[in-house]
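Several structures are given next for inspection.
Both complexes below contain subunit A, partnered by subunit B and then by subunit C.
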Partner chain A sequence: MLLEVRDLHVEFHTRDGVAKAVNGVSYGVDAGETLAVLGESGSGKSVTAQTVMGILDVPPGRITSGEILFEGRDLLKLKEEERRKVRGAEMAMIFQDALSSLNPVLTVGAQLAEMFTVHRGMSRKDAQAKAVELMDRVRIPAARERVKQYPHQFSGGMRQRIMIAMAMALEPKLIIADEPTTALDVTVQAQVMDLLAELQRELNMGLILITHDLGVVADVADKIAVMYAGRIVETAPVHDIYKAPAHPYTRGLLDSIPRLDQKGQELYAIKGLPPNLTRIPPGCAFHPRCPMAQDVCRTDVPPLYEVTESDAERGSACHFWRECLHG
Partner chain B sequence: MAEPILEVRGLVKHYPLTSGILFKKQVGAVKAVDGVDFDLARGETLGIVGESGCGKSTVAKMLVNLERPTAGEIRYKGEDITRLSGRALKTVRRNIQMVFQDPYTSLNPRMTVGDIIGEAYDIHPEAAPKGDRRGRVRDLLDVVGLNPEYINRYPHQFSGGQRQRIGIARGLALRPEIIVADEPVSALDVSVQAQVINLMGRLQSEFDLSYIFIAHDLSIVRHISDRVGVMYLGRIVETGRDAEIYDHPTHPYTQALLSAVPVPDPEAREHRERIILAGDVPSPTNIPSGCRFRTRCWKARERCALEVPALAVPAEFRSVSGPAAHDSACHFAEEMRVVPPEDAGPPAPPAPPGSRGSHGPRSARGPHGAHREDGGGA
Partner chain C sequence: MPEQEPYEPERAIAGTGMGGTMDLGTSEAVTLEQPPGPDGADPREKPRSLWSDAWHDLRRNPVFIISALVILFLVVISLWPSLIASGNPLKCDLAKAQEGSQPGHPFGFNGQGCDVYTRTVYGARTSVAVGILATLGVAVLGSVLGGLAGFFGGGGDAVLSRITDIFFAIPVVLGGLVLLSVITSNTIWPVIGFIVLLGWPQISRIARGSVITAKQNDYVQAARALGASNSRLLLRHIAPNAIAPVIVVATIALGTYISLEATLSFLGVGLKPPSVSWGIDISSAAPYVRNAPHALLWPSGALALTVLAFIMLGDAVRDALDPKLR
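Up next, the complex of A and B:
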């Protein structure tokens, strides 16, 4: 396993109390594999990713327990200096909002070249040539001229390509993409996802794709981890989960997608709202919104049960996963 | 179609670009909306889809008179409202209300929910007698599924979905006939989107509302709309009933747009070909001659640079009656099925007789479409 997160707990100290953003998350990704982490805002998907990358703001954040094994080494035990060598060179991140992730007062060429001068000790001239090469590689037209331009002179799709170029620069083993296409239009989204998938294949990288879009997940992922209130509630290979979800939350998300044969009818809607992370309900965090909830759900936190009726490796944090799977 | 409640004809909005400080000279214009026509029938939902910068929000703003059109007419029950002012305008505005995209910035944080919704009655006192207003606001909260006891709370005490319900309640306060909703669910979480869409559907039948529903999410638009218009760079390029647009699109932009939408079905990814458009949308200050889509179109030929295609039923489909016979602004319109039929429905229909070119629907697909020998190059 390239990356393995084990029982990670992260909390934030806020005025309203302790917000438990991540409550025992475990997942893993192999080289060449795509793991999609699916969840709504506040589910802890981005906080987990930031902790893996080592860019979590501490304080207010606090990692209370867990391990992040990258090629067998626990990143949480590394000194900041060693960690910095991993970040960028071994693993890189692509953010949702490229405009605010790029420095507005530096040319994109300077920002790309910095990767090589800092991590590889190249001369500025060589680094600049590398920057042009990278921009070519992510198919930005007229790279030689555009390398001298500033981020605001690029369109949204082009900026996201630059972010991808920057993440790819040192050919890392793992890429974490946090909602990489959410801010883009659909036709541009398709271009960018295509590019990302192609580069991943070429470099045999592991990819963690964080998203809330069930369509994007179905298009590119090998396996999925569904998060709710800081926990993974279901994990499965992509084909299995769409065919037969084993958790009522996943089922609810899939059912609320508008379908052709339901036109004009009411959409299925999960009732209620996601919980406040400072006051996560006892028992199963999803029970107040769950159509299948029983007494046991209000008192006992469900562990991630192994879904034994499947050939693939599947897990569901629902006491009634069997009923859900067949329901 | 029933008597239209709203008719839009030749709607144009150009924002001038000037240079010089003392002697301002107009050097160009941002052509945000560049000739849009459509009708809206009573009780109907018209969906408008398009990517950012296509002018769909500017259209919305002109409909509720937040922007004055550069040219064109907006006829509400036969009367052009772009020329109205004073009391006449106020009366019309009461009947066309708007729901905004972002429930975080469109509600005043210093006002209580009761004041936000009730503010409409200060401007239109005839809509509700003074003593009755709090009661009306409570009823509205109840109608949109919020607890009427929340009337004295502030917006920050609500979640995104609840705030959008407040925005909808405000839109309903004056009992309008038309609601213009600009991306009403795109800021909301997936599990909450369905709740708000259901609410809007219920309110439509309860209050006999007509909706203009603007969004970039094509599956939601299809779910709620009776008819759909597809916009590109300030114009509607294709319009028809929802099944005509989604299952029988004839304009290449619509086809590309539909094929780019990720389908939430991993089984579909193997046998599904996408049309990946080359490049970006051109700047609205410098719109290409002829067909405005030609710079990204894999079918573009010389004619496309010379002649502006009209939004009408293309000649090759005029003689056939069927779902392909709807308005499409393309010189080389042909039918292509890009959304895979659900649950192995009927296979893609063959191109109707008379459609241009010998290639079937399949040959024009895929990223290679842009480089086809016979159609490549703009």
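Up next, the complex of A and C:
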């Protein structure tokens, strides 16, 4: 396994108390594999990713327990200086909004070249040539001229390509993409996703795709981890989950996708709001919103049950996963 | 008149600002299939950095041009006062005390019989030197301390913030009277040191604030995620995006430091005779203002003009660096 997160707990100390953002998340990605992490805002998907990257702001954040094994070594035990050398070179991150993720006062070429001067100690001239090469690789037209331009002179899709180029620059083994297409036009979304998937295949990288867009996930992901209130509630290969979800929350998410054959009907929505992370409900965190909730859900926290009726490796943190799977 | 509009290169260039980049967004699907066409990069659109953009704005601003010319003139005469004043500011003839304007002595003489014109010209040197050196000291000390406090936060930041609060509570003139009256050296350095000591908290606060703002930008987080070290984040990604307010406030403060030096010299704790300073001349001319107003008016006028020039320059720079304020 390229990356393995084991029982990670992260909390934030705020004025309202301790917000438990991540409560025992475990997941893994292999080289060449794509894991989609799905969940609403505040489900802990981005915090988990930031912790893996080592860019969590500490304080207010605090990693209380867990392990992050990258090629076998625990990143949480590394010194900050060693950790920094891992970032960019061995794992990289792509952010949601490419305009705000690029420095407005530096040319895109300077920012791309920086990857090579900082990590590889290349000369400025060589690094600049590499920057042009990278821009060509992510198919930015007229790269040689545009390398001298500033981020605001590029369109949204082009900027995200530049972000991808920066992340790919040193051919890392793992890429974390935090909602990489959310800020883009629908027409451009698919192109950017395709580019990402293609580069991933070429370099045989592990990819963690954080998103709340089930449509994006279906095309590119191998497996899915659904998060709710800082926990993984369901994990499964991508096609199994679409066929038959084993958790009522996943079912709710799938039912709330607008569909062409339901034109004119009211769109389904999961009732209620995601829980306040300083006061997570006892028992199953989803029980106040769950149509299947029973008494046991209010008292007992469901472990991640193995979904035995499936051929593939599946898990569901629901006491009634059987009923859900067949319901 | 032909029906077709004539081609206007001016308008074509202006149109490539926002429009040019937005076109790319919609034509992306096309450019993907095609080899890089001429529409990929617009050769007419020359990339401009924040600084060249600000310079472009400044050059068109009459306030900037006037104040910059005044300041340039002041700097030149403080470096080479003999260019426009041939006399010696310390050569005085009591027989001519309080005499008015006469050939060769356009501003007349002061109470000691010194040539007011020569002294006013030589006085610029003190003011400009104190202003520039004190501002440099304040800007360097304030932005380094404030920048580090803003970037690292934590205990150091809390301590620094309380220290700046304490400094803000010190009345400048009173502090000058107390601190400078014990110093006997008659050079500009004690005055500069005093201004730096009391001035750095102002810049430190601004630098801290703008570093905290810049630190929260996504591109700083992104750069960190791609392996940038703290020093690189601070120097390359945060500083260029946080320095503008420091430059603006420092430019405006330069004018006030010049008047502060004059105030301290007027009170007798800044520079003392035989140094030449507008503050000293204003102080010595003040008692005789009824008999010889010219001896007071020329150094006062020069001081006011200098301070005004720097404050106007600061305003123009602020407009150029932060277009949102307009």
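In this section, the second predicted complex is superposed on the first by the 326 of 327 C-alpha atoms of A that agree within 3 Å, B and C clash if a C-alpha of one lies under 4 Å from a C-alpha of the other, contacts with A are read in each partner's own complex, and residues count from 1 in each chain.
Here is the rule we use: a contact is a pair of C-beta atoms (placed from the backbone, for glycine too) under 8 Å apart; a residue touches a chain by one contact, two chains touch by 3 or more.
As the structure is a prediction and not an experimental result, all values here were calculated from the model.
**Q** When the two structures are overlaid on chain A, which partner does A:Asn23 contact: first (subunit B), second (subunit C), both, or neither?
**A** Once the two structures are laid over each other on A, A:Asn23 reaches no partner at all.
**Q** Applying the touch criterion given at the start, work out whether A:Thr51 contacts subunit B, subunit C, both or neither, answering first, second, both or neither.
**A** Touch status of A:Thr51: no partner.
**Q** After lining up the shared chain so the two structures overlap, which partner does A:Leu102 touch, if you call subunit B first and subunit C second: first, second, both or neither?
**A** The second partner, subunit C, only.
**Q** In the superposed arrangement, does A:Met115 touch subunit B (first), subunit C (second), both or neither?
**A** second
**Q** Between subunit B and subunit C, whom does A:Ala92 touch in the aligned arrangement: first, second, both, or neither?
**A** So A:Ala92 only meets subunit C here.
**Q** Of the partners subunit B and subunit C, which touch A:Thr235 in the superposed model: first, second, both, neither?
**A** In the superposed model, A:Thr235 contacts neither subunit B nor subunit C.
**Q** For A:Arg146, select first, second, both or neither according to whether it touches subunit B, subunit C, the two together, or no partner.
**A** second
**Q** Considering only the touch criterion stated at the top, classify A:Gln160 as touching first (subunit B), second (subunit C), both, or neither.
**A** A:Gln160 sits against neither subunit B nor subunit C.
**Q** Counting only touches as set out at the top, which of subunit B and subunit C does A:Ser316 meet: first, second, both, neither?
**A** It touches nothing on subunit B or subunit C.
**Q** Mind sorting out which residues of subunit A both subunit B and subunit C touch, each in its own complex?
**A** The answer is residues 141, 155-158, 185, 187-188, 191 of subunit A.
**Q** For the complex, give me every residue of subunit A touching subunit B.
**A** Result: residues 40-41, 141, 155-158, 185-191, 193-194, 212-219, 221, 238-239, 242, 252-254, 256-264, 266-271, 273-274 of subunit A touch subunit B.
**Q** Under the definition above, what is the set of subunit A residues touching subunit C in their complex?
**A** Per the touch definition, subunit A meets subunit C at residues 53, 55, 84-89, 92-93, 95, 97, 100-107, 114-115, 118-119, 139-143, 145-146, 148-150, 152-158, 163, 166-167, 185, 187-188, 191.
**Q** Would you mind writing out the residues of subunit C in touch with subunit A in their complex?
**A** It comes out as residues 20-22, 24-25, 28-29, 31-32, 34-37, 40-41, 43, 45, 47-50, 217-219, 221-229, 232, 236-237, 240-241.
**Q** Can you check the complex and tell me which residues of subunit B touch subunit A?
**A** Its residues touching subunit A are 51-52, 159, 161-162, 189-195, 197-198, 201-202, 216, 218-220, 222-223, 242, 256-257, 259-269, 274, 276-277, 279-280, 342.
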